[in-house]
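Consider the two complexes below, in which subunit A is the common component and subunit B and subunit C are the respective partners.
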Partner chain A sequence: MRAETSRVLPAVILGSLLLATVVVMSLLSPRFLALSNILSALSLAAPLGIIAIGMTVVILIGGIDLSVGSILALSTVSIGVAAQAGLPAWLAAVVGLAVGAGCGLVNGLLVSRLGLPSIVVTIATMAVFAGLALAVSGGSSLPAPAEFTFLGFGRIAGIPMPLVVWLLVFVVALIAISGTRYGEHIYALGTNPRALRYAGLHDRRLTASAFVLSGLLSGLAGLVFMATVSSAKSNFGQGYELAVVTIVVVGGAALTGGAGTLWGTLLATAVIALIRNGLSIAFVPSEVQTLVTGAALIVTAVLYQWAPALVAQLRGRRDVPPPAVTESVTVTDPGSEPAHPPAASRRHTTKKETMQ
Partner chain B sequence: MYSDRSSQFSIAGFLVILLVALAIAAPRFFDPRNLGDLGTTTAIAAIVGLGALFVIVTGNIDVSAGAIYGASAVVAALAANAGLPTPLVIVVAVATGAALGLVNAVLVTLLKLPSIIATLGTSSLFTGGLIAITQGGLWVVGLPDGFTWLGQGSLLGVSVPIVVAVCVLAIGAFALARTRFGRRFYAVGSNPEAARLAGIRSRAVEGSAFVINGALLALAATLTAARLGQAQNNIGASITIAAITIAVVAGTSVFGGTGTVLGIVLAAMLVQTTTSALTFFHLDPLWAQMTQGLLILAALILSVVQRRRSGLGLVPRLLRRKEAVDAR
Partner chain C sequence: MKQPRIRLAAAALAVVAALGLAGCSVDAPAPGGGSTDDAGPIDIAIIPKIVGIPYYSAVEQGVKEAAAELGDEVNVIWNGPSTAEASAQVQIIQDMINADVDVIAIAANDPAAVAPALQQAADAGIRVLSWDGDADVRELFVQLIDPDAFGAELADQMAEQVGEDADVAIITSTLTAPNQAAWTKGIEARIAEAHPGLNIVTTTESGEDQALANTQAKDIINAYPDVKGIFAITTAALPGAAQAVESLGLAGEIAVVGNSTPNAIREYITSGVLKSAVLWNPVDHGYLTVYSALALANDEVEVGASFEAGRLGDYTPEADDVSAFITLSPPLVFTADNIDDYDF
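This part shows the complex of A and B:
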């Protein structure tokens, strides 16, 4: 049943969401359905889409990364400073990616080595990385290297470059997650970390790798974002954590880990990008857009939580239990579980097992 | 008994070191005016921390704290400007905060959403909703004197926010440590299954933690609006991180089940003194957030190191050694 709902349900929800969005938005504005508009909306969402791929992997292992927006900011200002110091553009870009991956490594080590819950760790590093971004840039806006123009504004076969980068990342990630042993281990880590450990696999390294990936992709998103706005500033990426977590949850991933797909995330990014674009075209103010995003997060989370039980009841089956989560379990972090010394993890383990 | 006393000793020690360093580096920091201001903001921060304690003790998290705080501050300011008597303003604001907390409570306990998702969602619902309802950047100024007394006045020579905070914290400490109602929060946080088997309705307890948190946030926001004599909707922007910092630095286990009001008071002092020192040296408020992030990490790492080294903190370890001697 789990396999069935975890694949069919997101498809149904995302499909109907997409349909509803397209219908409503094209009624709101006739310009919405133009190909150029759709392409530009998706291209604009590329940074979010790229980060959401990394976030999906983190959420798959049962963690969460709230520092992505700050990592994006820190990467962009690092690139800006590196370019200003006279580094060639490509090297500056590499610096930005390395900074992103480094931030991810800090998160990953704190979560995997110390067994700390990723929510609290990444809330803290969110503040730290944002502060570092301010320190590095001195608060001023830095210009992007001229070589980034193609990345920001170029097209390949009519497709805007940010969108091309996003799709490339998606394909690579899809192969890694669905087609390799690494992907299998990621799912296994989210489903049953203890089993993974008993199987002799490096659960800590896997956990850390997910956060490094999330950091690296946040850095890449920063590079793309910087190219599209031709500048770097320490306040870039504010609020991204909310937008990205929303996307991943709407895409059908469960914060308890082990369930979710990259396809779901891709579709959800597109749906949310189109909703935002449609609302912008219809001159709906941005705070209302924020409100709609928040509502979308809650409504889809409730749907995912309750739809399986509801469907079962409609079919008249009584053998399917209602959602088993009576405690909100996610503050405890399954991804970190194996790293715990027994004394510290007893409570935590009880919770996780209660849930299962 | 229920929390690691040693974490309280370390915060106190840290605080003393910080104050000594400040006394040497910047004696003017101890100017009565500055100290009075520090006392007031610490009192308000401690109220916020107490709210976070309730939520985190039950094993949840509330990242909508800043949104609730901002919304309540604006509601309080609007009510005060509408000419409502001050006690009624407090009631209206606290009711607003409690109602917003209730939304979180319903999402987490009845609809069974993970608290991080529910509160991330409501955070943008509350903020977006407030801006949409008030139509853009709302800035309520010129609050009446009767209301600003709440934040700026004094009672028997002590500033009103400090009086309020002492009352609230005393009630909170008593309730959490000595009443059946309060003990339930620890029970649910440390072992929800055992709590349920013991007949505790854990969902009701978790839900009430969110409502209490909302009410306390609103009280703190009202005091802040009164202190500043104005309110705008982004007034709560830094509150979410501050609340979590105070709770975590206080030694509240992020796995639920532990944490004390005394710890909250000490942590609020530490966090506010740090922030105030940064402001004193004219540093950007973002540095304050960064410091809070570093404080969270330091507290987390310390707690892990302590547990690893001995399974217990320093003082309990000493006590245990004494017990062992006695037993012999």
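This part shows the complex of A and C:
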């Protein structure tokens, strides 16, 4: 597959999907395009969007984190208990974030040090963290500190705070992933972990860091969610793990690792939130809403699978020499080399061999 | 590697900008916060705890019946979450605010978690009522059943079947579940008042799990040979306990009373293991909720003043700590004589 196509394609697919969503939903309900509706729909998606950023990084390294919903729940009840014990609101919030990061560290160590598959580890910790959340809270609902009201309901320049937090996290993560060596190593780890190790990089630490990030962001999402519902309960975040994996996959990330972007995840979160909101505001029954979300996943999966071949075919007919690129991290300019796909793939293999 | 990603970023940014522009340009004619559009039907959003389980399908049946009777007067929207999780209901409430409905009627999964969203709805001029599961913010609570009357009915039935002097046990869902806790209190109060010879030897938890209730009923019967009756007070525990009594061949010797839906216990009523079961009528509950929502929208809900609810007759709201409440009906008792009249 040509790298340029594979990188631009998700943006084109998601852009079209977003546009289609907006057009269809505004036809279904005249109230859909009201700025207040779009803002509230996106604001409610903030916890999912924040978790999806961490999940993207985990999926980039070829892992998966199914414990995010339980981490969210454990963080919220920890904040609730801390606040009830008399801690100031900010400190209780820090406790929640620390609990999230700590849960992530547990996942990260189990995966990187013991070499267990992340799906197994996080299915187990999903149950463990949920059990802890239930034990800590006793199953009852805990009130959020009054200071959280601004985080849940405040606005900056007319933008709801949850959305502000989400976008801030996005910008920071985008800089870290697209603009630093850390980001390059994350992509490299998902593409060829062995090469990374031979290059003398700490692949275990890198792996653990992705899970810590996912845990921390799940904790932050818990904080934001808790503020919007003014309470904490051990069953918060139920089912979030699959919702978030859906978002990341719709966003164009490959579950095999190495491919995917934060932009894709951001757009996918918006698309899925707006589909749900648009159908709901048009009074479409919730059974149909679930069905449409599933259909959207299938449609995008089909597009990701078949569109590259289609594009290549169209290019071939027009006799434009397709640009040759490998998916290797070291390529500098995809447009500068002449087109020889077979040569490209041959070179790719050679490189792997020499590295091993 | 930098370049393609920048290109992708630019493409994505363009789409977001386009969306933003589209959003702003169409924003002007958007409706304001008020929900007093005089023309057209009254929009009533009814939010159950969850959709896709038989109990709420029975409620929906009553909702549809009332909506059909009221015709053009109302536009009833039935919109519930597919998971009983707090964020799902919060999203639906938010959507209904943005859809500018006139009334939100919610069966809250969590009274505290939905309160901020309901407050926003109230601030936007939407009338809010709760039904089934109460919420901290609402103008009216359409209560299923008076827990004291319900507990008393169960205790009276028990005394009728086991006599005034016997050991009994209770199988509940969880000790903290608000409904079951209130009913247990009602049972105990009635026993203290009218059946002092009944002695509750144990109270066990079975969640909403029929198989677990079955096991626990057997354990109770083995551990307490003098037990003559079991209160099974969840819709799953009643068939579970009846199953246990039947499989031990103790039908007629150990009485089981409690609440369940008719379809879940029909075979045990027919075979005589159960003499009776108590429940509210979920179809009527849905029906009453629609009429209550309409009355609320028409400013007819007032403590001490009655309003009309179609075939169910008149209801008079009573004051409580938050605002006001009405109670659906006296308990509905299923026996072998009438159980085939009900199908849910």
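Here, the second predicted complex is superposed on the first by the 308 of 356 C-alpha atoms of A that agree within 3 Å, B and C clash if a C-alpha of one lies under 4 Å from a C-alpha of the other, contacts with A are read in each partner's own complex, and residues count from 1 in each chain.
Here is the rule we use: a residue touches a chain if its C-beta (ideal position, glycine included) is under 8 Å from a C-beta of that chain, and two chains touch if they have at least 3 such contacts.
Source: prediction; values computed, not measured.
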| item | value |
| --- | --- |
| Which of subunit B and subunit C A:Thr293 touches, first, second, both or neither | first |
| Touching partner for A:Ala176 - first (subunit B), second (subunit C), both, neither | neither |
| First, second, both or neither for A:Pro285, with subunit B first and subunit C second | both |
| Subunit B versus subunit C as contact partner of A:Ser141, first or second or both or neither | second |
| Touching partner for A:Leu201 - first (subunit B), second (subunit C), both, neither | neither |
| Touched partner set for A:Trp306, first subunit B, second subunit C, both or neither | first |
| First (subunit B), second (subunit C), both or neither touched by A:Leu109 | neither |
| Partner chain in contact with A:Leu87 - subunit B first, subunit C second, else both or neither | neither |
| Touching both subunit B and subunit C, residues of subunit A | 139, 285, 287, 290, 329, 331-332 |
| Residue ranges of subunit B in contact with subunit A within the complex | 56, 59-61, 63, 107-108, 111-118, 120-125, 127-129, 131-132, 136, 188, 190-194, 196, 202-203, 206, 241, 244-245, 248, 254-257, 284, 286-287, 289-294, 296-297, 300-301, 304, 307-308, 311 |
| Subunit A residues within the subunit B interface of the complex | 64, 110, 114-117, 119-121, 123-128, 130-132, 134, 139, 234, 241-242, 245-246, 249, 255-256, 285, 287-295, 297-298, 301-302, 305-306, 323, 325-332, 341, 343-344, 347-348, 350-351, 354 |
| Interface residues, subunit C side, partner subunit A - complex | 1, 3-5, 7-9, 11-12, 14-16, 18-19, 22-24, 26-27, 30-31, 51-52, 77-87, 90-92, 94-95, 97-100, 110-117, 174, 176 |
| Residues of subunit A defined as touching subunit C within the complex | 3-4, 7-8, 10-12, 14-15, 18-19, 22, 26, 29, 31, 33-38, 40-41, 44, 47, 138-141, 143, 152-153, 178, 184, 225, 228-231, 233, 235-239, 261, 263-264, 266-267, 276-277, 280-281, 283, 285-287, 290, 329, 331-335 |
